[in-house]
Amino acid sequence: MAEFLQQLINGISLGSVYALVALGYTMVYGIVRLINFAHGDVYMLGAFAGYFAIRTFKLPFFAALIASMAVCAILGVVMERIAYKPLRNAPRVAALMTAVGLSMFYQNFTIYRIGAQPKAFPKMAQVNWQVMGVTISNSQVLILGTAVALMIILHFVVQHTKMGKAMRAVSLDRDAAMLMGINVDNTISFTFAIGSALAAAGGVLVGQYYGVVQPLMGALPGLKAFVAAVLGGIGIIPGAMIGGLILGVAEAGVSAIGFSTYRDAVAFAILILILIVKPAGILGKNVREKV
Amino acid sequence: GTKPAEPAAPAAGEQPAAEGDIIIGGILPMTGAIATFGQSSKKGVDLLVEQVNAQGGVLGRKVVFVAEDTKSTQADSATAIQKLIQQDKVVAVVGEVASSNSLAAGPIAQDAKVPMVSGSSTNPAVTEVGDYIFRAAFIDPFQGAVMANFASKDLKAVKAAIMTDANSDYSIGLGNVFKEVFTANGGSIVSEVSFVSGDTDFNTILTTVKNAKPDVVFVPSYYDTVGLILNQAKNNVGFPAEVKFLGGDGWDSPALFELAGDAADGHYFSNHYSPDVDSPEVKAFIDAYQAKYNEVPDALAALAYDAANMILKGIEKAGTTEGPALRDAIAAIELNAVTGKIKLNEKRDPVKSAVVIIVEDQKQKYFTTVNP
Amino acid sequence: MLKVNDLNVYYGGIHAIKGISLEVEEGQIVTLIGANGAGKTTILRTISGLNKAKSGTIAFKNTEIQSMAAQNIMAMGISQVPEGRRIFSAMTVLENLQLGAYLRKDKAGIKKDMERVFDKFPRLLERIKQQAGTLSGGEQQMLAMGRALMARPKLLLLDEPSMGLAPLLVQAIFSTIKELNQEGTTILLVEQNAHMALSIAHQAYVLETGRIVLSGDAKELACSPEISEAYLGGSVGH
Amino acid sequence: MPILETKQLIKTFGGLTAVNGFEIYLNKGELIGLIGPNGAGKTTAFNMLTGVYQPTSGEINFLDASIVGQYPYEITQKGIARTFQNIRLFKDLSVIDNVKIAYHQNVSYSVLDSILQTKKYRQEEKKITEKALEFLKIFKLDHKSQEYAKNLPYGEQRRLEIARALATKPKLVLLDEPAAGMNPQETQELLGLIKWIREYFDLTILLIEHDMSLVMNVCERIYVLDYGKIIAHGTPQEIKSNPRVIEAYLGEEVPVC
Amino acid sequence: MDKKRLIVVVGAIALGIILQLLIWNGVLNAYYAQVLTMMSIFIIMATSLNLINGITGQFSLGHAGFAAVGGYFSAIITTRLQLPLPAPILFTVSLLVGGCVAALAGFLIGLPTLRLKGDYLAIATLGFGEIIRVLFLNWKYVGAAAGMWGIPGYTNFLWAYMLAVLTVVYIVHFMNSSHGRACISIREDEIAAETMGINTTKYKVMAFTFGAFFAGVGGAVLGHLIRLLHPATFSMTFSVEILLMVVLGGLGSITGSISAAILLTFVSEALRRFNELRMVIYALMLIGIMLFRPQGLFGRKEFSLDLLTNSKLNFKSSKNRGGEHADS
């Protein structure tokens, strides 16, 4: 029982890492319908920004977190303006391929500049709590808490604020949004700024949680976060959270019962099964197009 | 549109080879999944070439090292070595790092009669490809056995757990040998789990392992992953200090201590050499490396340095760069290398002793030497 | 109120609008009629800033707007019901209406206008929580109109508002347009249903392949034989 | 014997009953109108007849066999073709390819034939191209056969959509607001075209339309749908003067001149 | 076959033979041969993915999985079974087996994914690809994580090239038939296609099956070229790389896929020696091309439409809207 609970906690904390990355993924997707393949790499750059903020500029942890979010928000806006904006009216795959290109660029440029070697990210002071024979650490709580809080805030922003409505309007029909008086460019920039800042927050939190940053650290979580976002229903913010947690718990479960070599296969099999039953993800509505 | 590729311009900073130079090729994963190993390896070879040229080169000729990226893939390894042999007319090749890539490149070197020396490919099959294929590292069965014997004999362990990287044959190979030898010694394997390279969260499998109550945990993987595993084992999962983690040469990097902090203390791994070992080669290498790159070399750098050295010493001994002669010279080589005494057996694998290292105060400390 | 002068618009190499000039007086309904592809939509989109003109000027209340961004033009009091409705399909009816008032800050006024919209289109109130994309064609048209009204525009650009509507609703829409106009909104109306359009408009322009070929008082045009021949399908009526 | 008959068709979307006990019959060769206020459920009814939506309950019999639960392509193969309220051409394909695709179900050569380019393949392809051109000629689109469908003016797109529907060799054609977006002039032309294709192809036609100048002039019978229910049925004269229909749908006429 | 196309095919075959002769007599060295062979393999991979993604409009990211199946099963034939057959026949058999098992995988993967559209399909196929990879990673018979080595090097340029020609001919002929048009109509508008009487399910599965078959053959050729198969070769990166070729060439354009396969292989070779900078430059170049030509090098057109297709399109003033199918 204690082991089961412990594994559940492990799964949830892994899942909240996925969720944290998936939130930004899904938000950008929801607004600009772009699978921003480079999202995982912005997460990596965010982690490095935090690393240098702490190591080189000697900032305290939370200041470093904010600094890294700010840096990545700017990066997100610049990246959108240079690489995605010219492709707004192009076929969607074109932007997708640019995203792949950006992802390669970020990874390899980091390898080129900083080197492929992993760097130790300074950890926060570790506090472990024992609850019912189960160990929970402050980092785990921090990550889960941040993910949940961000999910709630984001969901609220997108669904209930004026900016959120503008974002959704832009996602549905840019011309019509302009006719409402919405500044489409700014709205999209804002979306990328938030999405990238979220990625950075994820990068710094996860970097300190595991104590490591390296140029390829975004690849796997980026992919898993993408899977999580799709699982929950891509574009739907609470879906990213649900998807992330399911994926994390599923992976933990598969490893715990002794099939760790098949972990990823099982995770994907679960994804596919869920999609077959719910083709638009768990929270997605599968509306047949009205003709 | 089937125009053949033009030879690429050399990268900035590299000197083009001139008439009469000895050109050594390198196929290394400079990008892709294991770029970190490729980069260390290249630094090792670059250092050696610089040292050798400073002393007048080999056979009075300047040595030029041209490295080609393999993107950490097999197909690219095959093409890269083909390019080196055909376009650059290299006399020998250093690489690849990973066994699976060396296995893709090996047949091409063999067919072209160009010796290929891998620094770190530890799968026995690599040199079975043919008599032009050599290596500087010891092979997996040896290293796995070293740690299994160490566990049962020195640590008196009876219950072991094994954690392997499912994507790495190196890791799985060592795990298998360890299992075989350890059970033959009368021990039992209480838990076997795996992860994949690139993972960062090991809490789940560590929890599983911990609950199996092993005396030792064998983690034959690379320092980037091992650092995280040790860290999480101690800080998140709360492994008791009596449970010792054991590993192989893959642990050898200063980054391990950076990533694991004090969580690495008290654990053991096998290695080709120890910086503690009072050998002049080791000391000279570490000093030169630190002077050039301002960092402590890892095992990959040392092995690639040795691999390239085997080639250069071979050329010197053969007095020529002709394939067959060079092959014979390398096969007969005896070298006091950084990673130990290299003398090849008939399978072209070095018969080297291994050292067991213990981590103390976030530093490597020589523990014992195990002879083959 | 709106003065378009020598406007030229291109789509790539296609010269869609060829030197058009037109005027809309404050308080009037001006209609723009013409066959498919004549360039009616293009003119409206250029006025609202969705398309950019190659040359020519557009002045709204004596301010030149041809190079302003669409959202700023909206902010000046021009609102458009686009061709094909362009409602936000995945949002609810209510959210669509709220977006219509995006640039407004007066809560009370917004509420009042919302009521006015429901008054004119009770069906929208029935469907207030429905996803707009699943509305029937006519319902969507009502929503598009309602949404534009929520901006309380001074000048309303309507692009074929009667398209796909049931006869009763066509009448309703046209009387709504008339009402709006009487309440003080100036209207530029593009219509295929030239018949109806001319019946409520003050002024009319007839467009043919990017050029204005006829213009004048709407009532007079409606009864002129050339118009009824070419655009009213001869003597049609139910 | 009706060619198509529906019994108590019901379609609900969540809590909304879009079509509620829809019952009609069509005799062979008839040209029937379906009118009704916006949102009455006309398009939804079409969608059920063509298999795009599954009815919540009820029966649809076509040529004496139930077609409920069949896939749209099966229904097309049985002989029901349709056009869409919002034109759904293959926009990025040429005009002629649009028509050729509609021939697909009548193609008898196999994939292997096409890979090996056998005689059978070549003969049939030639036939398809000829037939398609013939069709385009009938619809006065032959001079634009190589144009992208999306580059056609609106009226021609409508015509192409009808041509494409007819190329599937249907027995029954469902037209959803064919005159929408057309000016009166074009509507008049369309009216003639519809009459003509019925004779030429020996078709039964059911059409949805809001343009009374079209409906009242071509239809033999008219069904009026309101809130998912048929509220009236009869000849154009009967419908025009039906007070319920006037109240729910037609309204009073406004004279212009 | 009409005359013009016959000329192209005969010309292509002649080119292959000439190149192979040059390779045999040493004018083109083994490195050039290897690069040309890789180009041919990528042509097989890219055109077959184009059948699924570009022509039928089904966003698939699982091509590496099919290549893995083809590669491994063909290698089982040539290394594990000890069939007493002469090399060329053995290789042919192994290619067919590899292709067919991959086709079976394509068929099975095609089935459940039929319910999925756009990005959901992409992630599901990516998942299938990964599942296949993990299965090989754990399958001891084929070497598991160590990979399968000792595969005979049957592949030479001529084999790869001829198979590429075959693949292209197959796909072009398919495209120009009523069956191909059915696939294209699904890409353009699935609902309209259904109401044209097209069994969309059948054709989507068919596209997956055929695409997978050729991907399988491509994988088999690759395996017998590098003489080693390793699960890591068939990771998602490989699928993405092939997708890049398809998109770069222009979705739906076969000549585009061919050109992009050649171009990217060439560029990747030319940059090899830049080491760490190699992928940085490569990535920048990709972004540049996409920004410069968002619809791909060839859009949806064919390089020489006259020669390769029956229907001549009148491409005036049209904005290419390729890739809309990826909308979910």
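Which chain is which? They are A, B, C, D and E, in the order written, and residues in each are numbered from 1.
In this section, a contact is a pair of C-beta atoms (placed from the backbone, for glycine too) under 8 Å apart; a residue touches a chain by one contact, two chains touch by 3 or more.
Predicted, not measured: the structure shown is a model, and the values here were computed from it.
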Task: Touching groups left behind when subunit B is ignored (all other chains fixed) - done: one piece
Task: More contacts between chains, A-B or A-E - done: A-E
- [ ] Would you kindly say which chain has the C-alpha centre located farthest from the C-alpha centre of subunit A?
- [x] D
Task: Centroid-based (C-alpha) most distant chain relative to subunit E - done: C
- [ ] Report, in whole Å, the distance between the mean C-alpha point of subunit B and the mean C-alpha point of subunit D.
- [x] 72
Open item on the list: Please tell me the distance, in whole Å, between the geometric centres of subunit C and subunit D computed from their C-alpha atoms.
Closed with: 30
- [ ] Would you kindly tell me how far, in whole Å, the mean C-alpha position of subunit D lies from that of subunit A?
- [x] 47
Open item on the list: At least two partner chains per residue is the criterion; list those residues in subunit C.
Closed with: 134
Task: Touching two or more other chains - residues of subunit A - done: 108, 111, 261, 264, 291
Task: subunit D: positions in contact with at least two other chains - done: 43, 52, 84-85, 88
Open item on the list: Residue numbers of subunit E touching subunit A in their complex, please.
Closed with: 112-113, 115-117, 119-120, 122-124, 126-128, 130-131, 134-135, 137-138, 191, 236, 240, 243-244, 247-248, 251, 276-280, 282-284, 286-287, 290-291, 294-296, 319-324, 326-328
Task: Complex interface listing, subunit D residues touching subunit C - done: 13, 16, 35-40, 43, 85, 153-155, 177, 180-188, 210, 212-213, 216, 240, 248-257
- [ ] Under the touch definition given earlier, write down the residues of subunit C that touch subunit A in their complex.
- [x] 48-50, 69-71, 74-75, 79-80, 82, 86-91, 95, 98-100, 102-103, 131, 133-134, 147-148, 151
Task: Touching residues on subunit E, where the partner in the complex is subunit B - done: 15, 19, 28-32, 34-36, 38-39, 137-138, 144-147, 149, 153, 222, 225-228, 230-233, 258-259, 262, 266, 269-279
Task: Complex contacts: residues of subunit B adjacent to subunit A - done: 31, 33, 35-36, 38-39, 166, 193-196, 198-201, 203-205, 207-208, 211, 224, 227-228, 231-232, 235-238, 255, 258-259, 261
